[in-house]
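What follows is a set of structures to go through.
Two complexes, one shared chain (chain A), two partners (chain B, chain C).
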Partner chain A sequence: MIKKWAWLIGILAMPALSDDGIFDEYRDLMGDDNPAIFVIDEGEALWFEPQGPRSASLEGCDLGLGPGVTAGAYARFPRYFEDTDAVMDIESRLLYCMQQLQGRDRDALLAKPYSLRGDMGTELEALVTWLAAESEDAVIAPEQAHPSERAMYALGEEIFFYRAGPHDFSCATCHEQSGMRIRLQALPNLTNHDEAAEAFGSWPAYRISEGLVRTMGWRLQDCFRQQRWPGLKLGSEVSVALQTYMAVNAAGGVMTAPGLKR
Partner chain B sequence: MRPLFGAGIALISAFTLSSGVASSEQLDAALAGSFIDNGQATVDRLQQDAVQAACHQSRTQPADAALAATLRQQRLDAVVFPADGNFLGDWQRGAEVADNGRGLQSSDDPAQPNGGNCYACHQLAPDEVAYGTLGPALTGYGARGQSEPMLRYTWTKLWDTHAYNLCSHMPRFGAQGILTEQQLKDIMAFLLDPASPVNQDL
Partner chain C sequence: MSRIKIRAQQADGITEVKALMRHPMETGMRKDQSGASIPAHFITEVAVFHGERTVMQGYWGAAVSANPFLGVRFKGGEAGDTVKVTWVDNQGGTGEGETTIR
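Up next is the complex of A and B:
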């Protein structure tokens, strides 16, 4: 597969080799067209659809800006919620609302939050994609007023540099230097404001190679898979802490999601 | 291990930390509560050894130079050289090991051989354009020759890079059991054999 891409890049995009190569070309060809638009529509429909034992929609869900307020909400995550006394990412907040408002079973919701390759995409992915679109062009501004939010940033920074596993990898192994790449994949330096903003602001994203929208929670799980670490739980403390670390480093940047990626 | 959502909101409140620098207790609790076994990638992998801990705490090199020197010497003393004294295998098999990025991930089949994934970070054969840049380019590495010190140096870098550069980003392919002795010999030949594509002009 990589050999095939390499050949195409050799023909089409030698000058862009240090960037995303052929994927930049693809993005240019697509212009403003992103297959994620269909997932956005699906997510919006799901928000308003009565579901669960209580046959309720998610319109009463408080994403931090008040019940039912979706515009700009994504750009303020992760954030502290009084009702759970916890710092939450948008994915675990949505699961909380599905339980509280719709009466749905947590284990069932967590059985398959992210689609497998070849699937059509999950409810959670669609909702997150729509909510990201509801924050398009919003300034990334995660809450850091509550002590728990600041502590979550400190924890995220510590985990970012934690080396472990048979390969000794940390997040920093790939993401603390600028201008580096793995094979042909450009790596953002997530300790740098501009690069963190571009990276964080472009998730969730439609992945061309998978034909699916992927969320930031999925992206972190897949990073740890490649780090040879065990499985990261959705909405876990480590996941929320790393999202907080990235969001705060990205603060002041602009949300461009849903993005279009390799 | 704390079940994440098992008892609902009462457990989520454990996420409420005090602000400031994360303590090692907070870090350990967060790690213990956030990961689950996933195939061959089990949670015991989160336990750091002395090198991982030293390089994590200071983020690049251990703040304590004496500790760094001690750890480097320990790694150097633990290097296992080929039992038969022969460092060089088959460069063609070595090329396959360098190209293979699989091994030890939860998604990998443990019955299949692990790869070295060298191209993820290094330029090697000049006709492979899909190479990463986290490590130095190794094209033409064989120009260094095959003297005994060069063989032992290169073997040591592959076996346990931390013996020379304690906090290098590179995995310890021998010391951590990622690659077999034969695979390491094959990689050695891929780097050093004059006939290897690594040592050919494009």
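Up next is the complex of A and C:
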């Protein structure tokens, strides 16, 4: 009997980090051979490619560190921008740059921001993947100096614990306990700094089951779908708030993206 | 898109080749949102060459994943030798990538 309980305690005490069962072995086998490397190349090419009515590239895009500065920029999102007077995530900032610099139509850009299964990736996904790679090994350090940024964190925290929908789900239902999983999928406890850092720092990630790189914006809207909540809009206040909540909880961690996931 | 990323490393007389290919690998069994079939599009043949020598040849099908990863070990090979990986798909597309053994 004692032995049985010791075993149970052993299970409960198992480190939650990277406790992904057999998938860890798979990741080791793949090593540096993450198919996201193709998407990084595609994103880099798109950044420098003149596009839109103004035939401009995105080189003048200010991601918060000055126009055209890409190294380390991803790790500082979400952040407040004076020109829009709003806290933005990287996806909505890129959309803003595409409109402002390239003169492109917002509705057209938002028509299909994320790939469907079987696609080879969208422009937005490629750009975000490259920019994340430009922040590889950077310390996650979202801005929290501006009052709007702190308000976003507070809003994100509130939404994280807010139960709603037909299943009375909150984000916290799946993400406030350590060492838990759904089937083989380990679920990070996003209220815990280390686990939030590992989770936040590994997106965008190549999803082997989908053959695609997925972004944090996509991850969130898929969480909403799984919760049977209304569709989450890209760059919406709710999306940015939840990303701020995660990023601040992860602050001090290291960006490892693009990751490799199930 | 016909890109292949290849790495080849030699140790103790064995060369290990790792190749990652950019390909959708459509099975032909899936339907799009309007219900129309998505045409099959997958790699049917892969080959690995060490210089002029064929060290591996394989037939692939629709069961192989998108953006497939191929790992092969062969005897011989010196640092600086050329390793080439090629593929042919069912729509007549081809891909080729080359690297030198480290």
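The rule is short, and it goes like this: the second predicted complex is superposed on the first by the 244 of 262 C-alpha atoms of A that agree within 3 Å, B and C clash if a C-alpha of one lies under 4 Å from a C-alpha of the other, contacts with A are read in each partner's own complex, and residues count from 1 in each chain.
Please note the rule applied: a contact is a pair of C-beta atoms (placed from the backbone, for glycine too) under 8 Å apart; a residue touches a chain by one contact, two chains touch by 3 or more.
Small disclaimer: the values here were computed from a predicted structure and weren't measured.
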Combined model on chain A: chain C and chain B, fit or clash: fit
Touching partner for A:Leu46 - first (chain B), second (chain C), both, neither: neither
First, second, both or neither for A:Ile37, with chain B first and chain C second: second
Which superposed partner A:Val254 touches (first chain B, second chain C, both, neither): neither
Which superposed partner A:Val139 touches (first chain B, second chain C, both, neither): neither
Which of chain B and chain C A:Cys223 touches, first, second, both or neither: neither
When both partners are placed on the shared chain, which of chain B and chain C touches more of chain A: B
Least C-alpha distance (whole Å) that remains between chain C and chain B when both complexes are overlaid: 12
On chain A, the residue positions that both chain B and chain C contact, one per complex: none
In the complex, chain A residues that touch chain C: 30-31, 33, 35, 37-38, 116-118, 120, 208, 211-212
Residues of chain C touching chain A in the complex: 1, 3, 5, 7, 18, 20, 22, 24-26, 30, 32-33, 38, 65-67, 69
Complex contact set, residues of chain A against chain B: 2-3, 5-6, 9-10, 17, 84-88, 106-107, 110, 147-148, 150-152, 154-155, 157-159, 161-170, 172-174, 177, 179-185, 187, 224-226, 228-233, 235-241
Partner chain A, residues of chain B touching it in the complex: 4-5, 8-9, 12-22, 26-27, 29-31, 33-38, 41-43, 45-48, 51-52, 55-56, 59, 104-107, 119-121, 128-134, 162, 169, 171-172, 176-178
